[in-house]
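Look at the two complexes coming up: subunit A is in both, with subunit B in one and subunit C in the other.
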Partner chain A sequence: MLFNSITFLVFFLPGSLLVFYLLGYFQMNAAKFWLVVVSFVFYAWWNPRLFLLLAGSIIFNYTCGYLIQKNLERPKISSIILTLGLLGNLGLLFYFKYLLSLLGWFHEKGLFQNYSWGSAILPLGISFFTFTQIGFLIDTQGGNARERGFLEYVLFVTFFPHLIAGPILHHREIMPQFAKKETYTHNWNNIGIGISIFIFGLAKKVIIADQLAPVANDIFKHTAEKHVVEAWAGVMCYSLQLYFDFAGYSEMALGLARMFNVKFPANFDSPLKSKSIIDFWQRWHITLTRYLTLYLYNPVALWIMRRRMNKGLALLKADETTLGGFLEMLAAPTIYTIVLAGVWHGAGIQFFIYGLLHSFYICVNHAWRMFGPKAPISSISRFWSWFNGAWKWGLTYLSVLISLIVFRAKTVTDAWNLIQCMIGRGTGDSPGGAQGVVESILDYFGVAVPYWNYTNCLITLGIGFIFILVLPNVLQIFEKEGASLTNIRSAPAVFSFQWQPNILWGFLLAVLALVDLLMVAGNTEFLYFRF
Partner chain B sequence: MTQPEILERLRKIIGQVVGNDQIALNNGTTADKVPGWDSFNHINIIIGAEMEFGIRFNVAELESLKNVGDFVALIEQRLINKK
Partner chain C sequence: MRSFLITLTLMFTAGLACVWTWGLDHRMDYLSRDYALLTGKDRLIDGYSQPGLAIFGDSAVMDGIQPVKLGPGVINCGTMGSTPIESYFLIKRLMKAAVHPKAVLLSYSAYHLVHPDFYWENTVKFGLISGDEADEVLDNILRLKDKELISGSGLWNLEQRLYSFLLSRGFPAYYVSSLYADAPGVRKKENEEALGVIAQTRGQYYFPQQDGSKSLNADTKLKTFVVSPVINYYFRKTLDLLKTENIPVYFYVMPINEASVPHLDPGVFKAFQDYLNGLAQEDSQFHILSPFRTVYPWKIFSDYAHLNEKGTLRFNREFAKILNKAGVPGGSYGIPVH
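Coming up: the complex of A and B.
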């Protein structure tokens, strides 16, 4: 079931909320059980057979967690169980996400011609619920998670607002909330805040992302035949589509959870405002970055640093670092983590390149911080301060844009073609370079250019950028109400305002909700359902 | 060692790592409020603290730190266990 479908909005959500609070009034466990049931229904709506997969994964992981906890005092045994648990989870991911693509690729290259490998659909949310449970197993082994009973565990994994596409939750932040009695008593304030956040998220999806989709899809279809402005506009549309789609989804999840008195961590904190790549990774898909840092980066980086310390080698300091030290302590763990983050998205070589590109960016960013000129903090004029911010923002956005071309394109050749078009080397009959720019401006003022309608695209892009660069994000609008469990990194927006439970806000949100509903008809899937 | 003493020594380490000697910290400070305290510098701070106090953390413990106060408490606990 989709958050942006009429079935969900009109029947599923009100029904599940109402029964949840009614049951919670009498029996906490009955309300928990109800939430588990509706979450399974929500999941199985796409394909009832998926129910078995989800249930199987939960039973497997719960059993592993239980056995690890029972054997914590016998570290060897608990480590073996943890290893088996990890292998089971990663094996499942490998089978559905990589194996068949890999075999298909061999087939294309002329190997294993006599076999027919069949096909498997990628079960929705498999990366997300598998990651959540892997984290649980590792933390149980580290003594950081305690299993609180089967029903609580199932609820933690299946709770429908996060099940399909995150945010990737940490049991430590969620389990205590499900254990509280207040969670099961209706709270009008939380319901109001939840609905308001949800309306904003839905607007991001249906009013902006879905409007950008046709242009973005078109640009990646015939990548070699675009002229320069068309290519730039199309690629920028995609960057905004992806952001508004996924951020919108995450906000809907945040709002839905809040209606059930549960707070989620934030997933997006105005990432397209970032002025460095390091900053970008701390604000884009925050819960994935946090997850990778915790379970992939930290253990390896700590191991490398300690090994150096024991050998008496210097640790990283700006004025003492050698190239070897930089490569070992920073580049190696970064490349390993970020490439895996890329490959997490799927089997294509383009995801590998996406990871490589970003790890390169991050290393350059760190090297610049360490070895580059130190900016004078005082006595800088307002203009220079603005200029300094502007070029850093521009460079960051450009780097992200290039990586997203690789991310979205069907093949690496497609990505390369599109980049060629962006520098005016398109092979199609549409003009590039200066002529393209002039024509696009003419088109904007109503002089028709036959092959491309810029006006709508430019207007939507413009509106998108106003939202991104000028207005506060949802975390900021709901800052007083504590929209999420995470702190906000973004600086205050140019125009700042706060949500308030009053008639004016009620009216504005009702209008926005109405527009949302009118546009919902498209019923389009979310981009991150693919991963 | 008292908590304020630990906090002061930790403040110096963090200041060195993020390149701001004058940094002001209290128990409630969180990493996202300190410019430059990213995941990479986080590891530098952990290693710096291990060297400074002659202790060792395990990865799992570091996950549960919410703010500087938690970090100070963990160091204090480690120092007590060391004795």
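Coming up: the complex of A and C.
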């Protein structure tokens, strides 16, 4: 089911919320059970067979977790169970996300011509619920997770606001919330805050992201035939579409959870305002970055440290500033982690390149931070300070933009074609007729703007950038109410304001909610559903 | 918090009610021309007073058949992408008029019998059929499990039911893009002009004119001819309804562009013909007019399926002869009445 569908908004959400609080009034476990039931209905809405997959995965992981916990004092046995658990989860992911694509690729290359591999539809949210459970197993083995009962575990994995596209939860931050009695008692404050955050998230999705989608889709459909301005505008549209789509979804999840008295970690903190790639990764898909750091980067970094220690090499922070230390202690774990993060998105070579590009960016960023010139802050004038911020922002956004071309394009050739168009080497012509006339007038004055039918897109692009660069993000708007479990990193916005539970905000959000509802008819899927 | 939540709820509900009511009352101001054309056909049926030949079919009919050239009792109720579903409900309404037609002529392209792709986006959205009628069709779609017309399922078909219910009741979310598709006032003017044309021509409406087109007819896309179960159901229901009223029914296949002929699948063409012959064998009041499909030069087409002005003139002269030759009740077609 989609958060932006009328079925969800009109029936599912009010119904599940109402029954949840009614049951919670009498019996906490009944309310938990109800949440599990509605979460399964939510998940299996389009394809009831998916119920079996999700249920199977939960039973498998719960059993592994239980056995690990029972055998914590016998590390060998618990390690074997953990390994089996990880293999099971990764096998499931590999089968649905990579195996058939790889076999298809072999088939294209002329191998295994006599075999028919069939097809498998990627089950919704498989990466998210598998990651959540892998984290649980590793933490159980490390003694950081405590088993709290099957119903609580199922609720932790299936709770519908995060089930399909995250945020990726850590049991330590969620399980205690499900254990509290207050979670099952209605709280008008949380309902009001939750509804408000949800309205903001839905607006990002349906008013901005969905309006940019046709332009972005068109740009990536015919990548070689674009005018330079058209190519730039199209790629920028995609960058904003992806951000508003995913950030919108994550905020809706945040709002929904809050309506049920649960606080989630945030996934976005104005990432497109970032002035460095390191900063970008700490503000974009925050829960994935956190997950990767915890379960991929840290273990590898630790392993490298141990290796260096065994070799008698230094481990201090200062040693990272030597070339060898930098490459081994920083670059290697970064490349390994970020390339895997790229490949997590799918089996295409473009995701590998996406990961490679970002790991390169991050390494360069770290190198600049360590080896680059360090200007004394006090000596910089206000203008130079602004300029310094502006070029850093521009460079960061440009780097992200280029990586997103690779990320979105169907093939590497398509991505290359589009990059060629962006540097004016495409084959795109301007349209004829009245549009052509306007373009030739602009051309005469030296403004080579193709006058194509994207006026709405340009307006939406403008609105999008105002949202990104000038207005506060949802975490800032709801700072007093603590919108999420995440600490805000971004600096105060140019125009700052705070949400207030008063009549004016009630009126403004009613108008925004109405506009949201009027725009939901498209029922467009969220981009991250495919991952 | 209480005042916030009360304001939010009240303002949202009141706003939605206002938008919904306004939207239903002002459809002519913002919906596309298709809405005006459908409304025009509806009015034609409501004001039906001179018995003759009532013609139902798709856009090729709407564009190509000129009632004023054929005779005084002829009306053209063809609509965009029309199928027997639309015809059934329009004929049912026509049966409530002061007089009944002497004969009914049906004409659909093979493509629309297989893929009724205008049903949700035109027929239901623009209110050609009422909410209750849409509910009835949906029951049949779900009963017959017609994949061509199921746009979304979800558990217990709730998604599909809700979509049909809201779309047929004018839920504003489905119309909002029409509000800003053109500058204010543009659509109202165009729609009123279209309504005027429909009233004047008794239902004929030209598509944008071009001096010839080699675009391929939609029928060329068909590789097999399998009638949608719901279309088949309403086709038979239409014939049953007219049989009960003792009104003879004729079927005619509109001319095809010569450029499309080499691309037509002969198997599809034969299956289409067999399907219609099968219906004619079951119902003695259902006749297929010949020739089964005339081929016209591409120069008299405006696009893939619609005749231009020259084509329409030629076609109506020939069509009158076909009607007269078949003895279709309703008068002598094409002969000016003074």
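Just so it is clear, the second predicted complex is superposed on the first by the 494 of 531 C-alpha atoms of A that agree within 3 Å, B and C clash if a C-alpha of one lies under 4 Å from a C-alpha of the other, contacts with A are read in each partner's own complex, and residues count from 1 in each chain.
Operating definition for what follows: a contact is a pair of C-beta atoms (placed from the backbone, for glycine too) under 8 Å apart; a residue touches a chain by one contact, two chains touch by 3 or more.
None of these values were measured; they are calculated from a predicted model.
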| Which term applies to subunit B and subunit C once both are placed on subunit A by superposition, clash or fit? | fit
| After lining up the shared chain so the two structures overlap, which partner does A:Ala390 touch, if you call subunit B first and subunit C second: first, second, both or neither? | neither
| Between subunit B (first) and subunit C (second), which, if any, makes contact with A:Gly143: first, second, both or neither? | first
| said: According to the stated criteria, A:Trp188 is in contact with first (subunit B), second (subunit C), both, or neither; which is it? | reply: second
| Cα-centre angle that subunit B and subunit C span when viewed from subunit A, reported as a multiple of 10 degrees | 170
| task | State whether A:Leu102 touches subunit B only (first), subunit C only (second), both chains, or neither. | result | neither
| message | If we overlay the two complexes on their shared chain A, which of subunit B and subunit C does A:Pro501 touch? Say first, second, both or neither. | response | second
| query | Thinking of the overlay built on chain A, is A:Leu518 touched by subunit B (first), by subunit C (second), by both, or by neither? | reply | second
| field | Superposition-derived minimum Cα distance between subunit C and subunit B (Å) | value | 31
| task | Spell out the residues on subunit B that touch subunit A in their complex, using ranges where they run on. | result | 19, 30, 32-33, 38-40, 42-44, 46-48, 50-51, 58-64
| task | Would you tell me which residues of subunit A are touching subunit C in their complex? | result | 1, 5-7, 10-11, 41, 44-46, 48, 188-189, 191-192, 195, 500-503, 505-507, 509-511, 513-514, 517-521, 523
| field | Of subunit C, residues touching subunit A in the complex | value | 1-12, 15-16, 19, 152-155, 158-159, 162-163, 166, 171-174, 176
| request: Show which residues of subunit A lie in contact with subunit B when the two form their complex. | output: 138-139, 141-144, 172, 278, 282, 289, 293-294, 297-299, 301-302, 305-306, 309, 315-316, 318, 330, 334, 366, 487-489
